[in-house]
Amino acid sequence: MNDRIALPPAGGAHLVVLRNLWVHKGGSPWTMALFSVFEPILYLLAIGVGIGGLVGEVPGVEVPYAAFVAPALLATAVMNSALEETTQTAYAKFAFDRFYHSLAVTPITVSGLVLGEIAWGMLRGLITGLGFLAVVTALGLVTSPWVLLAVPAGLLIAFTFGAAGFLTAGYVRGWSDFQYMQLVMLPMFLFATTFYPVTVYPEPVAAVVRALPLYHAIELVRGPALGQVGPGLLGNAGYLAAVGLVCFLLARRRWRRLLTA
Amino acid sequence: MAVLNALIEAAGLEKTYPARDRKGTAFRAVAGVDFQVHRGEAFGFLGPNGAGKSSTMRMLAGVSAPTAGTLRILGLDPVADGRRVRARLGVVPQDDSLDTQLTVEENLLVYGLYFGLSRRAVRARAGELLEFARLEDKAGERVEHLSGGMRRRLTIARALINEPEILLLDEPTTGLDPQARHVLWDRLFRLKQDGVTLILTTHYMDEAEQLCDRLVVMDKGLIADEGSPRELIERHVTREVLELRFPPGEHEEVGRKLGDQVEVLPDRLLWYADDGEQALAQATEAGVRPLTALVRRTGLEDVFLRLTGRSLTD
Amino acid sequence: MAFRALAYWLVRYRRTWRGTIVVSVANPILFLLAIGAGLGTLVEGTVEGASYLAFFAPGLLAAATLQNAFVEAGFKVNSALRRERIYSTAAATPLEPGHILAGHLMFITLRLMLSAAAFVVVMALFGLTGSVGVALAVTLAATLTGLAFAAPLAAWAVTVSDFPQLNTVFRFVVMPMYLFSGTFFSVTQLPGPLRAVAYALPLWHGVDLCRALALGTATPGTSLLHAGYLTLCCVAGVLVARVTFRRCLHA
């Protein structure tokens, strides 16, 4: 037995992250952030400025429309960054590069693999979140120092959606299945109070909206960004953590079945 | 048999895959096999596609739990102690599954880290392995620019990063050109000389004869027989074989005429005899006029035919 | 000959058409519901003389057709050459590159028209199309808009080595165009120089054509101008694609 071998701790999750960093080491984190931030910023300009020009007063909102929309777009951007890594990219690694199969025969465990990929999604989400925050600050849309809470909030959001994404990737049969994912993501994006407060909806609809994870993600960022910090945020955070944890456990079970049948 | 120093012991090993849906049926890929592999030997699984070779290899690699029977690898249970077993194995999968986004050297480095090797150790080891795989001048190249033979050598080098005691190779030369195969065989010989235990699957007879000290012939999830290539040949076939070819459609008829000593294949007849020339003379006497006739030494392919009743090229 | 190439894509589409129809119908329903029920109620007054929903729907139709065109003529064309090697297989038959191109473009046209039609049906459900004639005209206008992108995209995508380049263009070229071509808000809201840029974008012509037809404000002059510009893009794309397809398939 080779005594230089010491089994990596935590199933080797950090090594999975390290490998992903190596793949990206050609580019700087700022190019990465630019890539992920470009689209949400465009949305912010189009919606905040363009539609903001059409929208007068938003009932129950005292800030300019762009300042109201920006936190929601931040939460969405972080979510999308984490999802991109744990759905499409993960599926390609699994089905085409057979990367996960080659990990399965090393001392990296399935738990380590799942944790590592989710952590990588969180790292991507964090970079996107910071980039977005920088742009929003530069545009003068930040009104409260509490906005810094968006950083831990972003990590939690990336965890929840990263875990959900990796769970989904375990069930994808082919590229065309991703269009069904869009069928879930698009309405969530449109209805989860991105563009207007939940009070616009009648009560039964509002209840459905409040069940969407993205709704809680947006609340978690929007509250502090607008300087409204209260115990309600703990509820939002708890909800996201619970969803993320359940998805992580299910994802682990699913990937164990896929890789060690 | 010296069971004491067996690195791998399998008894009554089975693998059944559950039905994909309620209408489907469960599939028994491995239907109860016994074998031992000893330290330092090259052990082969020979068989057609679907014989259960790859399923057996997956169980040996510790990524697939046996449904029945016992399996000990390096004295450990590969299910309960999967990580510790995998830490001491090297696996060369059939498809190379290299990290196409990384360079040749990075593939070795990152793979070594997965085994908990220190960065310094892994760097030194990667240097040695690049030389071993004759890829020194390709170190900085992206994997996608490598030829098939180079990729396979890199995959083998990668599997050796943790200095494994056992190297598992699933069809190591499938899809390679003859030259690349010879280079690869040469590397595998060297490993064997260094004391690495090799376990490989193949459906190439020449490869099995070249590389394996001992092999098992698998068919339909079972072991048909076990032994060294020489032993298997002596046990199952005569010294020589006469191959006769006829126009399409006549094989069955001539086969009936010549009786039980011949094996009828779709494209030719095989007549096993200790003296092939004599058999040819007998055939000519019986009025048989083949398009071509060839006498050759028997080999593993003939053993396989005898044991499973079909050609490996099926 | 080109019809043989078309037949291939049609056979393939039999496996996936259900999913694409579901998406083509569900997407506009969701968008129109969310915008109509939510944002639309916040917008004060009218935009270009219409309710926000009526203003937005045809714009989204044109933009969605652009997105479909990018998938079909960008990703699928590239994949047909590089990943799936469908073109190489076809090129080994008596089919000429020009036939392969024509067959695929015909399929893309059908595919875009089908999605546009599904979208227009949804618009009708929301009471946003006046008559069957209007619905047909809007469908055709959206298809033309899609083709104005599909042909040049195919010409370019066949030369690209893999998806990342396509993704970059999608993110940095298509998305901005998607958002700022008068889809969500009138281009007149843009500052002067940007407005000039928007007027040059083919998508704006598509959006304005679809919108004018849907709202019944179309005049023959501007409609012809828009349609002409889009046709020009399409023809130019086909001409370039004939060259790039020959170069890349018979390389």
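Chains here go by letter, A, B and C, matching the order in which they are written, and residues are numbered from 1 within each.
Definition applied: a contact is a pair of C-beta atoms (placed from the backbone, for glycine too) under 8 Å apart; a residue touches a chain by one contact, two chains touch by 3 or more.
Which chain is which protein? Per UniProt: A, C = Transport permease protein; B = ABC transporter.
Computed from a predicted structure; not experimentally measured.
> So with touch defined the way it is at the top, what topology do the chains form here? Options are line, ring, star, complete, other.
Topology of touching chains reads as a line.
> Name the chain with the Cα centroid closest to the overall protein Cα centroid.
A
> Greatest Cα-centroid separation from chain B (ABC transporter): which chain?
So the chain farthest away from chain B (ABC transporter) turns out to be C.
> Between chain B (ABC transporter) and chain C (Transport permease protein), what is the gap in Å from one C-alpha centre to the other?
For chain B (ABC transporter) versus chain C (Transport permease protein), the centre distance works out to 53 Å.
> On a C-alpha centroid basis, what's the spacing between chain A (Transport permease protein) and chain C (Transport permease protein), in Å?
Chain A (Transport permease protein) and chain C (Transport permease protein) have C-alpha centres separated by 29 Å.
> Please work out the Cα centroid separation of chain A (Transport permease protein) and chain B (ABC transporter), and write it as a whole number of Å.
45
> Two or more other chains touching the same residue: where does that happen in chain A (Transport permease protein)?
Where chain A (Transport permease protein) is concerned, no single residue meets two or more other chains.
> Provide the list of chain B (ABC transporter) residues touching at least two other chains, using ranges where the numbers run on.
none
> Please output the residue numbers of chain C (Transport permease protein) that touch at least 2 other chains, ranges allowed.
none
> What part of chain A (Transport permease protein) is in contact with chain C (Transport permease protein) in the complex they form?
Residues of chain A (Transport permease protein) touching chain C (Transport permease protein): 35, 38-39, 42-43, 45-47, 50-51, 53-56, 58, 176, 179-180, 182-183, 186-187, 190-191, 195-196, 200-201.
> Which stretch or stretches of chain A (Transport permease protein) touch chain B (ABC transporter) in the complex?
1-2, 4-8, 12, 15, 18-19, 22-23, 97-99, 101-109, 259-261
> Under the stated contact criterion, what part of chain B (ABC transporter) meets chain A (Transport permease protein) in this complex?
17, 61-65, 82-84, 86-89, 91, 93, 95, 97-102, 106, 110-111, 113-118, 121, 162-163, 165
> Note which residues of chain C (Transport permease protein) are touching chain A (Transport permease protein) in the complex, please.
Those in contact with chain A (Transport permease protein) are residues 16, 19-20, 22-23, 26-27, 30-31, 34-35, 37-39, 41-44, 47, 52, 171-172, 175-176, 179-180, 184-185, 189.
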